[in-house]
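The same chain A turns up in both complexes below, where it pairs with chain B and then with chain C.
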Partner chain A sequence: MDALIEKLKGQIIEQLNLAEVKPEEINPDSPLFGDGLGLDSIDALELIVLLEKHYGIKIEDPKDGKTIFQSLRTMAEYIKANGKS
Partner chain B sequence: MVKAYINGTGCISAQNTIDESWFFETVAPPSVDYYNAIEPSYKEYIAPNLLRRMGRAIKMGVTTASIAIKNAGVTNVDAIITGTGLGCFEDSERFLLALLNNDEQFLTPTSFIQSTHNTVGSQIALIMKCHNYNFTYVHRGFSFESCLQDAMMLFNEGKESILIGGIEEHTPNYVNLYRRAKKFQEQNTAVPYWKSETSGTQMGEGAAFFVLNKHQTEKSVACVEGIQTLYKPKTTEDILDKLTAFLKMYSLTLADIDVTLMGFSLDVNFDKKLQELLPTIEKESCPAYFKHLSGEYHTASAFALWLATQLIEKQNLPKAISISQKAPTAIKHVLIINQYLGINYSFMLVAKV
Partner chain C sequence: MNNIISYAHIKNNSVSVNGTPVFSSEKNATLSEFLSEAYKSMEISYPKFHKMDLQCKLGFLCTEFALQNTAFISENDLTKTAIIISNSASSLQTDKLHQHSIDDKTNYFPSPAIFVYTLPNISIGELAIRHKITGENAFFICEKFDAHLMVNYTELVLNDNASSSICGWVEVDDTAYEAFIFLVETKNNTNKNTIFKPLNQLVVTQIYNQT
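This part shows the complex of A and B:
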């Protein structure tokens, strides 16, 4: 799980162009949206594409995104449970 | 006739014009056969959460607009009008390459949203919270000229304060394609721009923004008295006839023009008419050139307008841009004669206030 979280950190930084953020600064349990990383709705779309592109996961119901993208850890847990790679 | 008073300017170019005190202390040569803009640390001008999604054209546009607005001492404007030939090229390329590389799947929204030509104008409006008229002209070599014409028409309709600007960026892919098409000068030529006998130009990029006002204020540094565009003039005589008629509208002749900034591009295919026009200009006025500072691009005329404003403000025609040995005693009128690819010609008349 820790390895997957570290991998996700790098992918998120690259996909969302968070050039100012270092991987060690991202707390896996902090919220991704709002207070934590401060992501917004466009980033949510980027994360949906990231899951599909890198892990073969298609989120059919956008409402699920709220739970999946709560934090880096919830994202990693969802990938572990549903991912193809 | 309505005038457009220039109350604030901002410029990013191949010269260090982001330093607002710059006036020919250093003149940067082209890196190879094209010019890269000298860009600032954008963190000083744009919030990090906005910055991470912006391509270079947007960063250059938003930054120079914010400098112009600060210099004009305004917090909002009645209209935002931008001009660009290529738009946000970097994001357009990114989006299209992703489309190709991922077999038309996994398309992400950011580069698509940011790729449209009007992104610069809309980002400025969002940052300023300006809900007024917002328009972007994509008219190739007339893109910036169209902004200025629109602004002057809006002044006739009662608008007071308008932000206009021209923006262009190039990318490594674009530069490579240009080079393969042999559109560049193949080597640094020692021949002056106005005497070129060879094909090819030196491409440039940059952004220049202006806060214009319908009325003169204490911030006014110069004013645009008139603008005219000329599409594919057939002969040099055509240009001269149109120029004479243009100046006559303002009760002027060429002899009243202190400095004439001419848009020589270094490509003889497109400069021929300006080369033929030069002796007439030289007889009556002090000719100067500017694309050896900015490089050639669709909205290089925005850089020329910025430069004209500087010449009037400083009352100085530096040797670095002067074509002849003549020096004006004072700079009251600057005429810009620009051309792009020998197709789009324009006159802009700028005056001291």
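This part shows the complex of A and C:
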């Protein structure tokens, strides 16, 4: 799980152009949206694309995103349970 | 009386403010590299900058340079500040990036973050968000920088509801780029760091051709 979290940190920084954020600054349990990384609605769409592109996961119901993208850890847990790679 | 209180010009990997060079980079640096260096040189923290496309980054930085050392944002009613920008290529470069991401039907992953920049007036939106400006705005597509159009339209909005305006040209295409931003106010600005030129076609043409 830790390796997947570290991999996700790099992918999120690259995909979302978080040029001023270092991987070690991302707390796996902090909220991705709001006070945490401060992501916005376009970032949410990018995360959905990231899941599909890198892990073959298609989120059919956007409402599920709220739970899946709560934190880096919830995202990693979802990938582990549903991912193809 | 409408006055230009500051202007900035970015081209050929260099920045000038009010006709004075203030920053430059290696001539062979890419536009992306140059803009990153120019951003760092300003010592501002605005993480959203890194998410913008090249046109928005260029317009954002040119405006920041023009605003530097002025009281334009703090002293004007931003609900009455207009933003009037023009260019020739519209958002073509980002349009092509988006097109490239959907060319291959077997590898079809359009990026929402790219798609949102496939309109030229998004660069106006970025400036409005950055400074909480809610006045009139317009984006014109012209073959080249048109001082006559820019002055006429700016006077039109200043004669109506606006009391200040961010105006200019922000162009990015495959072979060249250029940004020219000038700030206009209707009131007398007492800030000693600002210039004071009357808004008319001759002056705008002169300062555009200056650097």
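Worth pointing out:
One rule holds in what follows: the second predicted complex is superposed on the first by the 85 of 85 C-alpha atoms of A that agree within 3 Å, B and C clash if a C-alpha of one lies under 4 Å from a C-alpha of the other, contacts with A are read in each partner's own complex, and residues count from 1 in each chain.
Simple rule for what comes next: a contact is a pair of C-beta atoms (placed from the backbone, for glycine too) under 8 Å apart; a residue touches a chain by one contact, two chains touch by 3 or more.
Please read these numbers as outputs of a predicted model, since none were measured by experiment.
Touch criterion met: A:45 reaches chain B and chain C at once.
Once chain A of one complex is fitted onto chain A of the other, the partner contacts of A:53 extend to both chain B and chain C. In the superposition on chain A, A:1 contacts neither chain B nor chain C. Look at A:16: by the touch rule set out above, it reaches both chain B and chain C. Put simply, chain A uses residues 16-20, 38, 42, 45-46, 49, 52-53 to touch chain B in one complex and chain C in the other.
Contact residues on chain B toward chain A in their complex (touch as defined above): 48-49, 52-53, 102, 105-110, 113. Residues 16-21, 38, 42-43, 45-46, 49, 52-53 of chain A are the ones that touch chain C when the two sit in their complex. Interface of chain C with chain A (complex): residues 45, 47, 50-51, 109-113, 116. Against chain B, the residues of chain A that register as touching in their complex are 15-20, 38, 42, 45-46, 49, 52-53.
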